[in-house]
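Shared chain: chain A. Partners: chain B in the first complex, chain C in the second.
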Partner chain A sequence: MSIQGGITLRNINKFYGKNHVVKNLDFEIYPGEFISLLGPSGCGKTTILRLIAGLEQLDAGEIYLDDKRIDALEPYKRNLNTIFQNYALFPHMNVRKNIEYGLRAKWMSKKEIKKKVDDIIELVQLKGFEDRMPNQMSGGQRQRVSIARAIVNEAPVVLLDEPLTALDLKLRKEMRFELRRLQKALQTTFVFVTHDQEEAIVMSDRIAVMNNGIIEQIGTPEEIYSKPKSQFVAQFIGETNVMEGMVSIDEKGTSTIQMEFGKALIDIAENFSDGELINLSIRPDMVKCSKEAEVGFEIPGKIVEEIFSGATTKYLVRLMNNKEITVSRLCGEESMKVDDIVYLSWKVTDATIMKSESQMIFGEIEGVDLSPWNNLI
Partner chain B sequence: MEKTKKYSYGTKRFIQFGLIAPLVIWLVLFLIIPYLNLFVNSFWTNGVFGVQHKFTLENYTKFFTSGSGSNKPIMVLLDTLRISVIVMICTILISFPLVYFINFKVKKNKQLFYMLAIIPLWVSYIMRAYSWRIILGTNGMLNSFLIWSGITSKPIDAFLYSNGSVIIAMVHIYTPFVLMPMYTAMEQIPKNLIEASKDLGCGRIRTFIKVLLPLSIPGVLTGGTYALALSMGDFLAPNLLGGPTSSTKISNIVQMQFGTSNNWPYGAAIAIIIFLVVLMIITILGKLEKHFSKLEEAGR
Partner chain C sequence: MSKKKSGSTIIVAILAVAVLLFLYLPIIVVVLYSFNSSSISSFPMSGLTLKWYVVMFHNEALITALTNSIEVAVIATTLAIVIGVPSAYGVYKLKFRWKKFLEKVVIIPMMLPGIITGISILSFLQMVGIIQGVLAVILGHTTFLLGTVFPQIYTRLRQLDRNIEEASTDLGGTGIQTFFYVILPNIKTAIIGAALLSVTLSIDEIPVTFFLNGVFTTLPIQIYGMTRNGFTPEINAICTIILVASVAVILISNKISREEA
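Here is the complex of A and B:
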């Protein structure tokens, strides 16, 4: 039996009044995968979920569940279930009644319903709570009920609308793994909407990073983290330093980026021409600090602040134009202290280079003059 | 004295008392004292030369024994109760679909529709009751229409001065009172419960029966209580619109005792009995409502 639960979205569009909230999206959700729609609030991620669920109507485009077109169907005719943000448990029904709600709509036999509900209650560890009303349960328990209510129907697709946001941090972290384990066990497609990048990275097979109604990038968490395709993705996922500069290629074919505060080597595999404006993004943990400038790099700076944050320590390095770069180190890895003068560098392949979106033009920089810096200190 | 000094316990209590005093005084003067007065009065003896301050239970026994057949006060009370229940049911049946429509089907201008529904409250009670005389009377609008359209040749008298006309007027007058609490209650039902129900495979009708209806009960009960209590105490509508046999509702009997019959103790006794019956009904409905709304709160 082939796994079911693939969703295909074809050029979908949605307007709220004049607001174009979903802009001509075209992508596929693979059967049995855990995909996250990640983005800031208002980026259209929840709207997409609601469009798939049928709680909103498409303005243009097509949605397929496996081979069946579903975008014109009523929500109750679509073979998928949703886990809502605030659980949306029926307050007048106990746990068992809540969970069997979907099965009852299918006119299943009482015996069969009881067996399924018992199994699922076992699975979400709610044994003994069958007769409780929702108001007699904690947030975490209610969340389990809402999960059970959705997965008991054995639909090939489960949609999750920020289901963990209402929980406290510790519980949230536990539930991440629990949801992931559940998804693996059931082999069901999970479409998970979140604004929490950590959540998305920990749980997903693939992440679709959204911004302003479009998908900026779709790929595995590793791809998204290490090879962001746009400045937005780089900044939204994890922390990053973005630098702006101009490509300069010398006669030997070495490419460098010339910036206000220095220069750095860039990967020649990137196809940029001489004089082009680019953005370079580098993660804090990829930046090296040394006493001497490395070959091809000339970025001096002064450590102005040391921030201890658990497993890592962050340093703020102020550059010559007063821009600050974040560098992070595992604790005790290297000894750096405030007021040290350091030279920054990194492995060229660790940096991500994007076409600059700004039109800023600045004059050519011939080497780096350290004198203004010396005056400062 | 320091300006930042906090109020002492006594001062605090004094201020608190000052804030609730107007309400307490109002309730004592215009509710509690009159009721006590009524209660005390119901045990005095009515004599030829006015009320004699002599204790008796006769007023109460008279209520259950006097008269015969449907003229017995106890029968009138039951009849009034019956009419009130009919009014309650009718107002609920009218309000519920309307509230449902405004809440779930109207996308824009909800407030406008709501205002339109309660606008009748802006017209005085007498006007609204009287307008039904104009509509249902022998030469009224309804009869004129029926004659004009040829359905009847002679005006029909039966429309006015019957239980029917009393019920119609009361339903019209009390519907806004039922509608308001019902609207507030239904507005608070989380929309995502309805979405969840549809998502779990239930169509409109099943969702309505399984989710919406049970969660609307508190609002329905509150609204119904208003209609019932108000129509139990109404003596104007029966007076203006009721017929010779049906115009007498329990409140009319009370009114008569304080007026033409001039038997205040008896009137007071009946008033106390009505008070207890209505109090009992309200308590039961209130208990039910509390039970249902407790469940509802939990879901949020």
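Here is the complex of A and C:
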């Protein structure tokens, strides 16, 4: 039997009044994967989850669970379960009754229910708490009950609506790994909604970054981090430096980006034409600092601040137009100190280039005047 | 400073006692007279006795009226709960245009003067061919009790975490399973509270009943009738019994709502 739990979303749309909150989305969730819907609040990620669960009705489009179209089905007829942000435990039932609920709703035999519930209680480490009422438990324990209540039904898909936000930081970090471990063990599709990029990166097989009702990019955490397709993704995931400039292609076919404070090589694979305005984004840990300018690069700067932050050290490099670029280094990797003059460069494939959304024209782009810096160098 | 404060404190205390006396003295007098051995209601009391209670229990008309009242209260309350709870749940669950309007309109029978409710129910029942009597009284009480049951249940429903209902359907519970296993247990105390209040309101009710009873009589109507032929001490006795029962009901419903919190 092939793994079940694939979800296909075909051109789905949802309006709240005049608000178009989900805009013609079309994507697929693979069977057995851990996928995160990541985005700022109001981007439509929770709405998508609720549409899949059937707690909201589609305005247009189709949703399939494996080969079965489910978008017109009542929630209780859809073979998937949700873990709610506030857990939504039944306050009048103890732990065992809460976990049993889904199985009892399906009229399963008492013996079978008991066995399954016992197994799950063991799995989520709630042994001894069976008779507790929800209001007698801590947030972390309630969280476990809500997880157990969802997964005991063995549905091929589990939907998680920001389930970790209510927990304190330490517990939240533990639960990330526990959820991931559980998901791998069960081989169930987990659709995880979060606004926490770190959570999404450490837990997911794939991440769908959402903004304003559309998916900006969908891919593995590595792809999303190292090859963001849009400025929004670059800025939402991790830290990045964004620079604006104009493409310049010389007679030999070398493309560079000319900026207010210097120039940098760009990948010729990028299809931009001469004179086009673009944004370039580069992660702090990808920026190289050297004593001499590298071929194609001409970005001098001065280190103005050193910020120690645990495993890495961050440096702020001030460029000629007073723009500051963040560079990060693993501790002890390289010795740089405040007031050093450095030349910045990077591997052209590490940078992400996007068409600029702004129409800003730079005053003087060609022939950068380095004179104020000459006496420093 | 302390002198001034104690002066104002004394004034406040006197006022408070005066207000309490104004509120409760008549009730205390009724209770005391119910044990008065003289049949003339006057101080000083000539002695203590329980004979008025015995007289009361031998007054057949009064006992009939009491059983009638209890019968009406129980049936009308049951009807009001059976109709009111599902309709409150329906209004809570469904989205429709007139929802806000309906929320307001349903409590009108409770707020209107009883005389208007009474007359309008009377003319409606005559229109559909129901004559004055026990059935008319029960229907009339059910109508105004709905006005107390509905808002109480509706308020409790709105305080419920909507997610638990969603969790139930998400876990495979049908609408009926969700209502009986998740919604009902969580509004149970509101239902009991509404029922207790309905019973007391119904037993107490005069104006609506007055238009609908015909020859059928309830306890307050009977007592009212008795006072017109002079104030007999057994009225004090039955009032005392009603008072004790009402206080008991209030205490029970308080205890229930405190458990809820």
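Criterion: the second predicted complex is superposed on the first by the 367 of 377 C-alpha atoms of A that agree within 3 Å, B and C clash if a C-alpha of one lies under 4 Å from a C-alpha of the other, contacts with A are read in each partner's own complex, and residues count from 1 in each chain.
Here is the rule we use: a residue touches a chain if its C-beta (ideal position, glycine included) is under 8 Å from a C-beta of that chain, and two chains touch if they have at least 3 such contacts.
Everything numeric here is computed off the predicted structure, so don't read it as measured data.
When both complexes are overlaid on chain A, chain B and chain C end up clashing with each other.
Once chain A of one complex is fitted onto chain A of the other, the partner contacts of A:Asn81 extend to both chain B and chain C. In the superposition on chain A, A:Met133 makes contact with chain B only, not with chain C.
Touch criterion met: A:His92 reaches chain B and chain C at once.
By the touch criterion defined above, A:Gly102 lies against chain B and chain C together after alignment on the C-alpha atoms of chain A.
Of the two partner chains placed by superposition, A:Lys111 touches none, neither chain B nor chain C. In the superposition on chain A, the residues of chain A touched by chain B in one structure and by chain C in the other are 53-55, 74-76, 81-82, 84, 86, 88-92, 101-102, 105-106, 149-150, 153. Here chain A touches chain B in the complex through residues 53-55, 74-76, 81-82, 84-86, 88-92, 101-102, 105-106, 133-136, 149-150, 153, going by the rule given at the top. Interface residues of chain A facing chain C in the complex, by the touch rule stated above, are 53-55, 74-76, 81-82, 84, 86, 88-92, 101-102, 105-106, 149-150, 153.
Against chain A, in their complex, chain B makes its touches with residues 190, 192-193, 195-203, 206, 210-211, 214-215, 292, 294-300.
Every residue of chain C that touches chain A in the complex is listed here, in rising order: 161, 163-164, 166-174, 177, 181-182, 185-186.
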